[in-house]
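Note that subunit A is present in both complexes that follow, paired respectively with subunit B and with subunit C.
Moving on to the complex of A and B:
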């Protein structure tokens, strides 16, 4: 049985021999689209387009990217990147903070384990980090923006990379996805007033940053997406906006974007 | 190192307003991530036509001097300045001559036609295909960012001062999100009887 001792490897394209074939499987895809989140003082808007693409193909014109994490909760999660991973993250987050177990009705994961208290935004933010970093060596290929109101009714916003990096202080505005490079400089300028100076100060005094009113933020979100739709092929069809307000609760709105 | 268009960095933008045009560029010259100079303007004037060039810096310099020669020869033959539209065709045919070994530049032209009084802007790819735009043209390593800012800040029929502000804000905010562009900017606002050139400081990082 000496032939067993000699290892035999498949030969790589030996001249005159059979050509070998390499097999590959790519577990990721890029499904396009963009999301943004802007926080006001006591409200926030999370938005995303509703186009779902694969290369030059459009899989869906009505696929939402912004998820509410629970009926009573102010938590909202927006995800882009690989659609399947994005949805998995949203489902996992939903299950953690809200969804009932079928067998034990009314029993919610977090509430059950935490003395019937709702999960706070900062807790949800840290939890999302744990989920993402837990997949550090086979990452969920999705960029996340998480938003909600804290216990004082103030808006909080967090943005993540696929392996979980985020800032605990939160941010004023965030954008991710295919058209983020188009949207971010616009938001720098219009939300944080970058490169703007107080008139008459010879460019010495920067325009102070202030919280914007809801109507203004809604306008900026629409402008950002109509512009991105105009210049990016993976963005378009519809704009889903989830508006979380301390006074008026949560409202969802979908408006049309160009479908070309 | 593999893409000649992004080795040195840089950005140019041109916009149309009401009887006016604006063209702006950043001032950075780099070698990959290392900044070598913060005074490398990318806009060159040829009479009524203004030419912005981004891409490989050596080609930017070569092309700007080649067009200086060509436009001077044109002026001697015709005894008048070159019109922006003519300049566009000159740039296009010059680039296409090198169809299979191109200059690595993305030119932009802006100007007002002194005969008709009409504002004119256009852009090119590196082999001379002309993009006639009615609104704005962007080019360079910050072109994605510029598309975003221009598309959302620009509106039709801006007066010269408003056009300057729009162009400057679009450029400054775009280059601040591109590591290969920035370090100050030049913005020209061109009307039929006046040209204003402004030097903007911008972020120095």
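Moving on to the complex of A and C:
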């Protein structure tokens, strides 16, 4: 949450002109919370806590940050940052991906325009970039993680900054939000095996990266959030997990986190 | 392109002549609401097992001046919903008397047997709030929407930024600090709503209004309360107006410096 926290310069007044006045209105807020996405080979888990904050206040203990984009779709979007922008992004993505009004042909939704085909993950990823960058000069202040299964049933995961930067190759894990600085190094170590070496090689051979099984990933997500809850005041209350699997479809789970 | 940022996107001087700075004048920008003027303080609301109780006092302050003492900050919208507003009173009146009134007229005019329920009103209001903040011309309010929706109590909040959230117990303004702890004591989560009776909910809200009057300098001892109760598709809304705070005890004030009991 730093790109608006740039140093403020004193107001420059035009010589001879009226003194300039600042808008006293800040259109952004930070509603706290954190999100995670981890991709396995043929499954992915998207998770977020359910606390919604304003400063030291807890607005709600049950606000979800992870959205399924359509009931049939494997696409899942998690957004965090400024709650109103985050919700707007989720709504916009849902409207684009999901077929909303099959009988109203003037509704130019994706399925109608594409012979009732579902949007692919990579297309949704590029679309989300377009939306975010389209708001480049009044950014939607929310960090996004988008995930889904491609047509071969392989998991894809993309993460974005508020103006849309993302990697087309996708990534194996992503974290964003208030406690991302606590969670990212944990995932570096546990998912990408950073700073892990093959035993007996005197720290010369790095442990090779491999896909993790679903049970292991689920444990990592829970560990990440229980730990973040301990150390970050804006994270807690509940953990919403959406598990997308090529074999078992989509499952959603909410478990409790500490409410203090 | 000119490398000076202030020249970006402007017509070239060598073709169109010098730029007329009156077009986009940074020296006197449009004035929108940049701070509220006449304000209402907290709104508090709590779900119970057959509906929602919502309350707000009748004061409109002008800064620290208690300017108007007979202002209604709760509005019934349609047959299922009550909206409570804190923040700028003129923005509240615009929403209540212009927007929501017109919304209900145009919806009821269809006469098709459909009525806007709480979540529809809420969706409308939150979109209006977000739209106005995106135009840099916000409606300076926090709105609580209470109602009966689909056989269940409904309670949600939206504010000048269009931020939205819901919960079994909500309070705006000073109430977010003082009333929320009291409300969450009886209603920590959604599951607890089933064990709260109408009478209990009313008495907890009354207690909150009293505590707010003790400590919030922009509050008063007269308030309105609406009780939305439902059963299945049936909704009944009871409005209680001009409620006087009961059973005040100022004993605690004696021991607090600054409350007037001490001479030095």
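Here is the rule we use: the second predicted complex is superposed on the first by the 230 of 260 C-alpha atoms of A that agree within 3 Å, B and C clash if a C-alpha of one lies under 4 Å from a C-alpha of the other, contacts with A are read in each partner's own complex, and residues count from 1 in each chain.
As a convention for this text, contacts are C-beta pairs under 8 Å (C-beta built on N, C-alpha and C of every residue); 3 or more make two chains touch, one makes a residue touch a chain.
Here the structure is a predicted model, which means the values were calculated and not measured.
A.B. asks: With both complexes superposed on chain A, which partner does A:27 reach: first (subunit B), second (subunit C), both or neither?
C.D. replies: Touch status of A:27: second partner only.
A.B. asks: Looking at A:131, would you say it contacts subunit B, subunit C, both, or neither? Reply first, second, both or neither.
C.D. replies: A:131 sits against neither subunit B nor subunit C.
A.B. asks: Once the two complexes are aligned on chain A, which partner has more residues of subunit A within touching range, subunit B or subunit C?
C.D. replies: Greater contact footprint in residues on subunit A: C.
A.B. asks: Pick one for A:214: touches subunit B only (first), subunit C only (second), both, or neither.
C.D. replies: Neither partner.
A.B. asks: Using the superposition on chain A described above, determine whether A:250 touches subunit B (first), subunit C (second), both, or neither.
C.D. replies: After superposition on chain A, A:250 lies in contact with neither partner.
A.B. asks: Between subunit B (first) and subunit C (second), which, if any, makes contact with A:231: first, second, both or neither?
C.D. replies: first
A.B. asks: Contacts for A:52 in the overlay, against subunit B (first) and subunit C (second): which applies, first, second, both or neither?
C.D. replies: second
A.B. asks: Output check: A:63 vs subunit B and subunit C. Expected answer is one of first, second, both, neither. What do you get?
C.D. replies: second
A.B. asks: Would you check which partner chain A:84 touches, where first means subunit B only, second means subunit C only, and both and neither mean what they say?
C.D. replies: Once the two structures are laid over each other on A, A:84 reaches subunit C alone.
A.B. asks: If we overlay the two complexes on their shared chain A, which of subunit B and subunit C does A:188 touch? Say first, second, both or neither.
C.D. replies: First partner only, subunit B.
A.B. asks: For subunit A, give the residues common to its interface with subunit B and its interface with subunit C.
C.D. replies: On subunit A, the subunit B and subunit C contacts do not overlap at all.
A.B. asks: Could you pull out which subunit B residues touch subunit A in their complex?
C.D. replies: 144-145, 147-149, 151-153, 169, 172-174, 176-177, 201-202
A.B. asks: So in the complex, which bits of subunit A are touching subunit C?
C.D. replies: Counting only subunit A, the residues touching subunit C are 13-14, 17-21, 23-25, 27-29, 31, 52, 54, 57, 59-63, 82-84, 87-88, 138, 259.
A.B. asks: Help me check something: in the complex, which residues belonging to subunit C touch subunit A?
C.D. replies: Touching subunit A from subunit C are residues 26-29, 32-35, 130, 133-134, 136, 138, 157, 161-167, 176-177, 180, 188-190.
A.B. asks: Report the residues of subunit A in contact with subunit B in the complex, numbered from low to high.
C.D. replies: 179, 181-186, 188-189, 194-196, 203, 223-224, 227-228, 230-231
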